[in-house]
Amino acid sequence: MRLLSLIFGLLMLIQPAFAQSADDAYRQLATGGFTERASAIETLAASGHPKVLPILKALSDGNLQATDAGALVIDGKDALTGAAVTDSAAPIPLNNRVRSVLRGAMGRLALFDSDPAARTAAVEAIQASPTPDSIPLLRTALAAETVPAIKERIESTLAIVELNDPDPARRIAAVKNLGEQATPRAQGLLRTRLAAEENPQVKTAIDTALASIDTRLSFVYFGLNIFQGLSLGSVLLLAACGLAITFGVMGVINMAHGEMIMIGAYTTYVVQQVFRTYLPPSFLDWYLPVAVPAAFLVAGAIGIAIERGIIRFLYGRALETLLATWGVSLALQQAVRSIFGAPNKEVANPTWMTGGMEIVAGQVVTWNRLVIILFAVAVVAGLAAIMRFSAMGLQMRAVTQNRPMASAMGIRTGRVDALTFGLGSGIAGIAGVALSQIGNVSPNLGQAYIVDSFMVVVFGGVGSLWGTIAGALSLGLVNKLLEPMAGAMLGKILVLVIIILFIQRRPRGLFALKGRSVES
Amino acid sequence: MTLSRPLLLTLAVLAGIAVLVPVLNGMGIIPNYLIPLFGKYACYALLAVALNLVWGQCGVLSLGHGAFFALGGYAMGMHLMRNIGTRGSYGNANLPDFMVFLNWKELPWYWSGFDILPFALLMALVVPGLLAFVLGGLAFRSRITGVYLSIITQAMTYALMLAFFRNEMGFGGNNGLTDFKDIAGFELSNPGTRVGFFILSVLALGGGLLLTWALGQSKLGRVMVAVRDAESRLRFLGYSATNVKLAAFVLSAMLAGLAGALYVPQVGIINPSEFSPANSIEIAIMVALGGRGTLIGPVVGAVTLAGAKSWLTGIAPDLWPFALGALFILVTLLLPKGLVGLKLPKRAAKPVEPTAVEEKTHA
Amino acid sequence: ADTIKIGVLHSLSGTMAISESTLKDTVLMMVDEINKNGGLLGKKVEAVVVDPASDWPLFAEKARELLEKEKVAAVFGCWTSVSRKSVLPVFEEKNGLLFYPVQYEGEESSRNVFYTGAAPNQQAIPAVEYLMSKDGGDVKRWVLAGTDYVYPRTTNKILESFLKSKGVAAEDIMINYTPFGHSDWQTIVSDIKKFSSAGKKTAVVSTINGDANVPFYKELSNQGIKAEQVPVVAFSVGEEELAGIDTKNLVGHLAAWNYFQSVKSPENDAFIKQWHSFIKNPKRVTNDPMEATVIGFKMWAQAVAQSGSTDVDAVRQALYGQKVKAPSGFEAVMNTNHHLSKPVMIGEIQANGQFQTVWQTKGPIKADAWSPFIPESAKLKADWTFPWVCGNCTEPRFKPL
Amino acid sequence: MLTAENIQLYYGASHILRGVSVSAELGKISCVLGRNGVGKTSLMRALMGLQGIRSGKLEFDGQDIAAMKPADRARKGIALVPQGREIFPRLTVLENLQTGYAAVSRADRYIPDEIFDLFPVLADMKNRRGGDLSGGQQQQLAIGRALVMRPKLLILDEPTEGIQPSIIKDIGRVLRMLADRGTMAILLVEQYLDFARELGDTLAIMERGQIILSGKRDEFSEQELRAKLAV
Amino acid sequence: MPDAVLSIASQVAAGTALYLDGVSVSFDGFRALNNLALVLAPGEMRSIIGPNGAGKTTMMDVITGKTRPDTGDVLFDGTVDLTKLDEAAIATLGIGRKFQKPTVFETLSVWDNLDLAASGPRGLWPTLTARRTKSLAERIEAVLVEVGLTDRRHILAGSLSHGQKQWLEIGMLLIQDGRLLLLDEPVAGMTDSETEATAALLLRLAGHHTIVVVEHDMTFVRALGARVTVLHEGSVLAEGTLDAVQADQRVVEVYLGR
């Protein structure tokens, strides 16, 4: 039954493209330019020849080669005859146009695959660039389809094509269908149609559909905007978190904070390279969970070294730490440049952090950002727990508020200082792991975040972890809500102006402590 | 008031430099290329002196002083730009090149008047002063102190940097203003003009030093120290800490603007990177390196830092950040009073403040 | 002196070190090569390397130092336009020689600078023409996205007027600028998505520069913008930039250059081999600005040899018409407007971080110093031979008698 | 318990303590008196290790502590109620008390009820920030905080400053009681002569960096002491 | 506050030096001052006592503009509404204060501390052009003698001992020569003989100045012989002579103890 309809469908497709013989098409595929290749693919796909699908698949995977003589070769064997080929063969290059023709062609062939996933992919491929030719095929597929989700997809694809159908009733049906989709694409198609439409009934139908799309899309966009704001906020939060400790709690004007982030990112790179070099490829996806503790330890250890070597001589001379840590920052950047070279290093998202989840309408929530938001929450929660509930946290705060008195209370201030600075640096290192997933890994990485980090910590209120959280999230949200209106450039300027004005209202930051305790 | 010995010495040295350098240059002992370089150092030094006035004396750490410097520079740059006249690429008498090729039809209103040198010079002082007055007025009235003040000044310079990047602003975008030809009839590329600017810069530096010194000697100077120490306590004695800080901030911004105006003709370009937060931090670094709160510390710091950069980027292009970084670290660790602490052993003129104070006002 | 000094003026620290430090190594490699072959005019060539540290005023200072103190015969350097603008007065005042190896916005022709990178007509316009062709996908709707500075601004201005001349409606062009080092591309990428889903084939022309590219492409890849649907063609993304990005999901996005590492030519094979052995790392890639540096260096060396001196005026004269068989496999020619004739190539990103050429000009294209698409500029001509002797005039400086 | 002998202390060039010797014994309250600026606070800080000394012998519990850091001295059982209160301003009252845990064994990491009995206001204001308290409340907190450390030697530098009369009386009673238990030595700096005379088992008077008078309480008459303390 | 209400208050307050009525202050819900009323006649000296945390310092904060009251009238001279003014303006009216915790300018010398405090114009220009006059120097010397810091005049205030700072602050108050002097625990940390000296000093000032003294030292309070106000939980618990107040069972209960 299914096979029958398949053949029926294909036959309908073959009609217009019968001019060339399959042999010609194979030769063109092997030796032609991109244009010839594209039409050869169309012809072959239409021919229904059983060898076609494997050949196209090989082509799409980059496994199809061609000899100078025009023979097609897969894995050293002639693709048509299966005979071993000794002539040298080169992979057949693709370009975007050929790739999209290929995708469409394979999609049509796969419309009747037994695997629903393959069928879904097939419909998607056709949906990307549907042509009137595909209508009969889609109709056939629709009739045979049993999975409701795929059925729906086919219908919506049909609607895209039938939007320009001569029959007004069909057009109205298509408009209704598109109206329910609420995608920017449907919106665009309907707008274009509206401009050309003459039938008043269809026109009203389009107007209604557009109105409903507009409202629904504006919700979607707003929601997406909020997500983007949270995402930016969580990035700022991660970047600033370590500084909330080294600067916020300890009072060290830590200009080398950015370099701790950078070191975390480079640690991630090294861990990734170790996985790539020494472990089987299947483990590669799990380099990230290893990179997190590694970055914490490496950056933390460097932080402790800096504290013991330099910072500890400067307590009570807060401003001098500016000068010294600026020096540290220069040296660390150059050290990384000497070791790893100046150009960017590639850090790949693990597969589970690649791509995204389409919520609606082609609008995507990307996995890497989602993971980073969750990661930021986890890091902050952990940090808050340490500061609030552990003896160490209490000692850290006591030491930084009154170092001599803390030591008179039996607190080993040296150890606490080193560990606090180490903790702040370690957290910065962890931030580096996250940042390596969305940005570049270069010796300048830290410089890109240092100003923002200070801004967040100060804006939130120095010494308050909650302030840092609120500061980061609000700056992220405000930035992302402004950006669509003002553009990235003006948006950023506005955010800075808002910071300046806001601090006028709250001269000690969002989460300022009030009362006498501030002055003492 | 009588001029103190160190001040006299400093002024004498500066006067000596202003005379000797041109003479040695004339004799061929100091090569031409060093003249604008030295002039540039003098401008940085004046800038550092300006920052020291608010930071060293009043305890107000501005991380946006580069903005005042740059605004002064832009004022001068606009004048120089207007002076190009028809000598630009597109030969337009009225519009600078960058406006021509962005299809601007007429000069924006805020460019008017800049063809007149005295007006441009006035603006080099007034614009930074006005900005400092508005921002400082708001901030000091709201009792913003310490890092909060530092951060809003940083936000200010950052915002200005982004704004000046925008071509729509009419200041030449990222490339800024360049291709200058002459000023007051003197060709900028003429060695004589260079020497003139060098002398002017050194004189301005001397003037700046004299001014800060005189302030420091006056009772107002002591009030400034009190502001730095315990601003809130000072209010209970009836002084307006707000006004004191504002006055110092505005004065300092104007000095910085002057430094910028002198800097641009010697360097030949002004662009938004002068507004970058890192530049402003570097000014603070100069002051701290030389010795914050001392008279000549900022000069020493500025010349050392700029000089070290010039020298090291030439002889050790791959390693200089290590050397400079090490210098910063060693100075902080070994010379708590900065580089000038090295020269005045024991007989500390101005004593250091006790540690607790600094934490209170800045942490 | 018994050596010929040349200056290397590329940032080795600061933000631009990412790109520029490679060019320093390229110059050193060329110096090394020429010295192995016996030097120039019987003398060794000595490279004086300085670090202008991505600091524009420092560029001017270092240029002066190279010319006045080191008395170098030529300088190879600069990447950003602002750095070039800041050294320009120095080179003109001291009559120095600067070889500038990066694609840029044009609108300049200084007597003292030789521009070996692409002008807009050697990169941007051909790329857009390609995308408008059937092969390029028949693009009808355009996003011009760039970093907010002169090069993208000018390039986009030229492109906009070019597109409009081709009948593209204003509503089919979206222009977007971002700050240097912009790192959060969520909004813009989703805006591109919205813009592209209106039904017309859409492409993105990216003049995004430097640091901002990695996060841009990561966002692009994760938001699932596929090259077949919305191709992105970039003018500032080469092999070196790709080396810092995971390109698995970027296959098919494009770049336009005058050279790709993947070019098959004997010159290129030799160049790549030489680079790998010089830098002692077989994984390092080559790219267009490196090629431009190599061309510049070879032309300078040939001109010095030809004129028998390092005198700037003599070398300048000898440079006009100088030809070099470039790694691109074509013969690059130095024109009297101080710009090169070079081929234009469009490549698609491959999973291995290389480009595959999908289109290229039949032969070298001559660079326009002044763009015909800017009204004021269209009138200008750069020609440093008699009787013009001029980088920007509308008529010859000297009228024939 | 504690013996300090011939302590010499300088601030830069100025010689502040000139051969001071003091001692404290278990079960006894030793009281140091003296006018402003004679060096009492400097001496106490030196004993705690907060101020370095030029020379002199410092022995606690039979051990030389001269080179020990303050934290180690605290862990050996010395606690200080400093002049000027030195509360951790942004820690809550409870957290301020808990800072004392660092010096005691795990088993002792709780706040003895008697502290709240003595200073009920600390219980009421447990969650208020230390820096928000009134001066007298802070002083009470400083004493409470030292007691959390269960010290063997308790040093109090003018502990009654700013405290209301009724609580001063309570503090006196508690100090007496603590001393009488025989597990604690107490070293008390006071200006308030009546309080010192009532509590001190031994008295010492300082004058310009030196002890000019010392002995058992009963050895001196009030007039004699007042005369020494007057200008 | 509406003007009408204020004018009623100023009628009642006419002729007083300091007039507080219905003043309440709370911090995060905790009432530090609760409907407090206090009236001082010109030239009067008043002792204020009360348990720790009663609100004595907070009251001074309200008078000097450091803390804004939630409600209530605070009038100086019967006419000037202090709640509308900032600290500096209040100080220039002639209201001086010594803090409970001694606060001096630590990086200035003792002499400069007194110089800054010395009465005189406070504007920018007069400050810039101020000269060191002989009469001023004499005044400073006199105060130095009074507070016993003659030999410390060139020392940085930061390196004074606790008690010396107390004295310096008293000295600053003296030289400021205000009309209303507020002293928060002036004899804390002083020896008994210094306490007596301070009492004598204040008694000499009384009459020319209106003085408010907060103290816990009953000997000192007795020596002042002034009228005593007892504060408790932010309002007045008792008022009268020291003897009367000491006899009040509630005062004994909350403050003096048995």
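In this document, chain identifiers A, B, C, D and E correspond to the written order of the chains, with residue numbering beginning at 1 in each.
Please note the rule applied: a contact is a pair of C-beta atoms (placed from the backbone, for glycine too) under 8 Å apart; a residue touches a chain by one contact, two chains touch by 3 or more.
Owing to the predicted nature of the structure, the values given are computational and were not obtained by experimental measurement.
Touch-path distance (fewest steps) from subunit C to subunit D is 2. The most centrally placed chain, judged by C-alpha centroids, is B. As a whole-number value, the distance joining the C-alpha centres of subunit A and subunit C reads 29 Å.
Separating the centre of subunit B from that of subunit D, both taken as means of CA atoms, is a distance of 52 Å. With centres set at the average Cα position, the gap from subunit B to subunit C is 35 Å. Averaged C-alpha coordinates put the centre of subunit C at 74 Å from the centre of subunit E.
Among all residues of subunit B, those that touch two or more other chains are 162, 165-166, 232, 318, 321, 356. Those residues of subunit C in touch with two or more other chains are numbered 12-13, 148, 179.
Touching two or more other chains at once are residues 333-334, 447, 489, 492, 515, 519 of subunit A. In the complex of the two chains, the subunit A residues touching subunit C come out as 34-35, 93, 95-97, 99-100, 103, 128, 183-185, 187-189, 191-192, 224-225, 228, 231-232, 235, 333-334, 337, 341-349, 354-356, 358, 362-364, 366-369, 437-444, 447-448, 479-480, 483-484, 487-489, 492.
Every residue of subunit B that touches subunit E in the complex is listed here, in rising order: 215, 218-220, 222-223, 225-226, 228-230, 232-241, 243-244, 247, 351, 353-354, 356-357. Residue ranges of subunit B in contact with subunit C, taken from their complex: 31-33, 36-37, 40, 89-90, 92, 98, 100-103, 162, 165-167, 173-176, 178-180, 188-189, 267-269, 271, 273, 309-310, 313-314, 317-318, 320-321. Those residues of subunit D whose C-beta lies close enough to touch subunit A in the complex are 48-50, 69-71, 74-75, 79-80, 82, 86-91, 95, 98-104, 129-132, 145, 149. Touching subunit E in their complex are the following residues of subunit D: 11, 33-37, 41, 83-84, 121, 128, 132-137, 139-140, 158, 161-170, 191-193, 226, 229-231.
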